Amino acid sequence: MMTAKTMKYFSWVFVAASFLLASAPAWPQQKNATELVVAAAADLSTVLKEVADNYEKKTGTTVKLSFGASGALTQQIQNGAPFDLFFSADMDYPRQLISAGQADGPSPYEYAVGKLVMWVPADSPLDVEHKGIEVLLDPLVKKIAIANPQHAPYGRAAVAALTHYALYDQVSSRLVLGENVSQAAQFAESGNAQVGFVALAHAIAPSMQGKGKYWEVPSDAYPPLAQGVVVISHSAHKKEAVEFLQYIKTKEVSELLRKYGFTLP
Amino acid sequence: MSQTRAVDAPSADSPAEPLAGGERPALDARCSKQHTAEGRAFTLEVAFRTAPGFTILFGPSGAGKTTLLDCVAGLSQPDSGHIAIGNRVLFDSTQNINLAVAKRRVGYVFQTLALFPHLTVQQNVEYGLTRLPHADRTTRASAILQAFRIAHLAHQSARRISGGESQRTALARTLVTDPDVLLLDEPLAGLDALTKTKIIDDLREWNRAHGIPILYVTHSREEVFALGERVIVLDAGRIVVQGTPHEVIEAPHQETVAQLVGIENVFDAVVDAISPERGTMTCRVDGDGGPVLLETPLVRGGVGSSLRVGIRAGDILLATIPPVGLSARNVIPGRIASLDRRDVIVTARVKCRVEMEVHLTLAARDSLQLEPGKEVWLVIKTHSCHLMQK
Amino acid sequence: MNIDWQTFRLTLQLAVTVSAVLVVLGLPIAYWIAFSRWHWKFLVEAVVALPIVLPPTVLGFYVLVALGPRSPLGRWWISLTGHTLAFTFTGLVIGSILYSLPFAVQPFATSFAGVDRKLMAASATLGASPLRTFFRVVVPLSIPGLITGIALSFAHTMGEFGVVLMVGGNIPGVTRTVSIDIYDRVQASDYGGANATALLLLVLCFAVLATVYSLNRRAWSLGLAKNL
């Protein structure tokens, strides 16, 4: 018969065991196949997933992806985040890492050029496809979502475009800043902002099919969104990282990038 | 002192009779409630009517006295019943009436007093008077503070006053609102005799002027005699007996009441002989080495019937030489087994075939030079023997 | 090393507004929790405590999407006010109120529950309505709990980040709070600015809390905390 004391003992054992089991995934594991951890800018969320899947089928190496704002990811890497590669949405952040000795030089590989679009929900009365930048003058437009130009390349591009069209001063009070271009897209998709300056990759992603209309901002309106990738110096899987980088340069990947709204340099 | 008070107490000739015009209506309470106290569950089942004046609620702890007060005040809801003051109904289960506490105009002084610690004495007393304009409020409050002799504490924080002052403040706070019924839950517990007397005087003075029904809960026999016009004895949720203090306390007919009022010597007895023409009978109490025969008042029951005899320790006299020429009919020889002193009372345990407890003064003990082992004679009047149902 | 004073002013405004609203909102909720004897009370208590464990993303999601222009509730809000809840100071206030609710309600409720019930009963027998009993007896005897609740909601809102990040839109003077500013500066590698701003926020919060707790201490020593 179980005494109260025995019961208590077993309860504690049970609790301790549960904790151990629950934390098991956090334990360092002996990896059988190699695993790469990749930091990538928000606009690559759809395309890189497919690239990673293909790569795994081909080589057996798993690629784990972590998406975020290029600026935030740079900070994390500078503070020792265990990434193997970093796909930025610009060239400056990777260059920063190279000069700080945290990425392998001599310079970032330009893997794609991003495109800026203006996006509105499918049911919006704004005819962005034909009117383009003019829609910003419509009184319906109360909020315009862009990525934070302080640290997001797409944000900087949006500001550049607005300046180019001499609309910045007019609309600046109506700007809402997303932490990264994904959040800007979120603001526009949820309807809280009537218009969003987002990546083309977002606008044409499969999950967005039929949900919105967009207008490609002419490339002369903003400095090209050259996007660079670097291998992180403190990576534990240099060999595999470099191999993955080589794979990025292949035609296969270029096709995918184009499909998802990027152009090649 | 309490005996003198009892004599002085204004006697209510007939407790149930409504008093002459100008007096307040009576409290009529009938209630039934499931109740748990100290792990025991019982039902409070009472029905009584109290005219204006002091009605003492007497009983052991857990009897339901506080629950009863709570029901009258509205702090507790009876399962069924009817509570009214005159023709103002406070609670009626059949008509679904349950007046809110704040509307009942029932004054309640709790056992813990419940003075508002963050307010001064004056603020406490004025608390119930918000409906009055400011000037009237202050006047009435000051008047009662004067009457209860705590005017000098008006601006003291309620937290800083003594026990007696707190009790007076609590009373003043409740009385100043001019309630239709007053409920007092052991309001004088823990006070010294002098303070108690003073407060009792204040209360009676107040009652003379206001004449409302007052339900007063206490364990103390002195308070019963000092204040009681009527006593209701409550035990396990039921009214055991009602009557004047004398009827209930001095001459209890039931052992439960005897226990409550603290009759120290209670024995099993068998009726040995009866003398109807004298109004007495002889009861035999069996003891070590033989029986003790007691002459007691005559009660119903033939020779051979069993009953219980109760004798108060304070009713027994002690003699160190065989007494003669006494009116008392019971003189029993014995030996002192032990002497204990508590405060000003000396308790002597005397072995006389049975063991009797006797209360003496210190002076008596000293002048008789009493000590354990001494041979003594117990003197007990016929009428000090109380006969109770077995 | 430039401090953006506007963000401080805005954040203080937010914290003060939210704390004030939480007093008005929190007192009745805390009263109910402290004194109700409803069998299912524990469910309400759990709901009130949710924001403690809920990630701000959940709250942000609801304000952004579930209360967005696509939802009936959101559309109603727009018809009422002319704009969405997101990107407005009001939106931040509402989000922060939900997020800081337990930090106000729990200390309030604990304090109320500690008031001697006999005092409340005495008040009632003296003719006071439940409302009067609340304001004249319960509240004065619960001052330490009230102070703690207000201080906690204030501090919690000053430091708020997640909800503001989700729905603020980072508009200067409207939704750019100090915590967002620090975050942005770090991302832009403006470590100097971030450091200065963070330090200032820390000192400010510390000063406010220290003042509030010293008031609390005075309340204790005056015996207001004691239930006699």
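We just call them A, B and C in the order they show up, numbering each chain from 1.
Here is the rule we go by: a contact is a pair of C-beta atoms (placed from the backbone, for glycine too) under 8 Å apart; a residue touches a chain by one contact, two chains touch by 3 or more.
Because the structure is predicted, anything quoted here is derived from the model rather than measured.
Novice: Just knock out subunit B conceptually, keep positions unchanged, and give the connected chain sets.
Specialist: one piece
Novice: Taking each chain's centre as the mean of its C-alpha atoms, which one ends up farthest from the centre of subunit C?
Specialist: Greatest centre separation from subunit C goes to chain B.
Novice: Closest chain to the overall C-alpha centroid, by per-chain C-alpha centroid: which is it?
Specialist: If we average C-alpha coordinates per chain, C lands closest to the whole-structure average.
Novice: In angstrom, rounded to a whole number, how far apart do the mean CA points of subunit A and subunit B lie?
Specialist: That gives a centre separation of 86 Å.
Novice: For subunit B and subunit C, let me know how many angstrom lie between their CA-based centres, rounded off.
Specialist: 55
Novice: Report the inter-chain centroid distance for subunit A and subunit C in whole angstrom, where each centroid is the mean of the CA atoms.
Specialist: Inter-chain centre distance comes to 34 Å.
Novice: Which of the residues in subunit C come into contact with subunit B in the complex?
Specialist: Its residues touching subunit B are 116, 118-119, 121-129, 132, 136-137, 140-141, 223-224, 226-228.
Novice: Along subunit A, where are the residues that touch subunit C in the complex?
Specialist: Touching subunit C from subunit A are residues 69, 71-72, 74-75, 96, 142-143, 145, 148, 150-151, 175-179, 186-187, 190-193.
Novice: Name, in rising order, each residue of subunit B that touches subunit C in their complex.
Specialist: Residues in contact with subunit C: 73-75, 100-108, 110, 112, 114-118, 127-128, 130-131, 159, 173-174, 177.
Novice: For a test of understanding, state which residues of subunit C touch subunit A in their complex under the given definition.
Specialist: It is residues 64-65, 68-70, 74, 83-84, 86-87, 165, 167, 169-171, 184, 186-189 of subunit C that touch subunit A.
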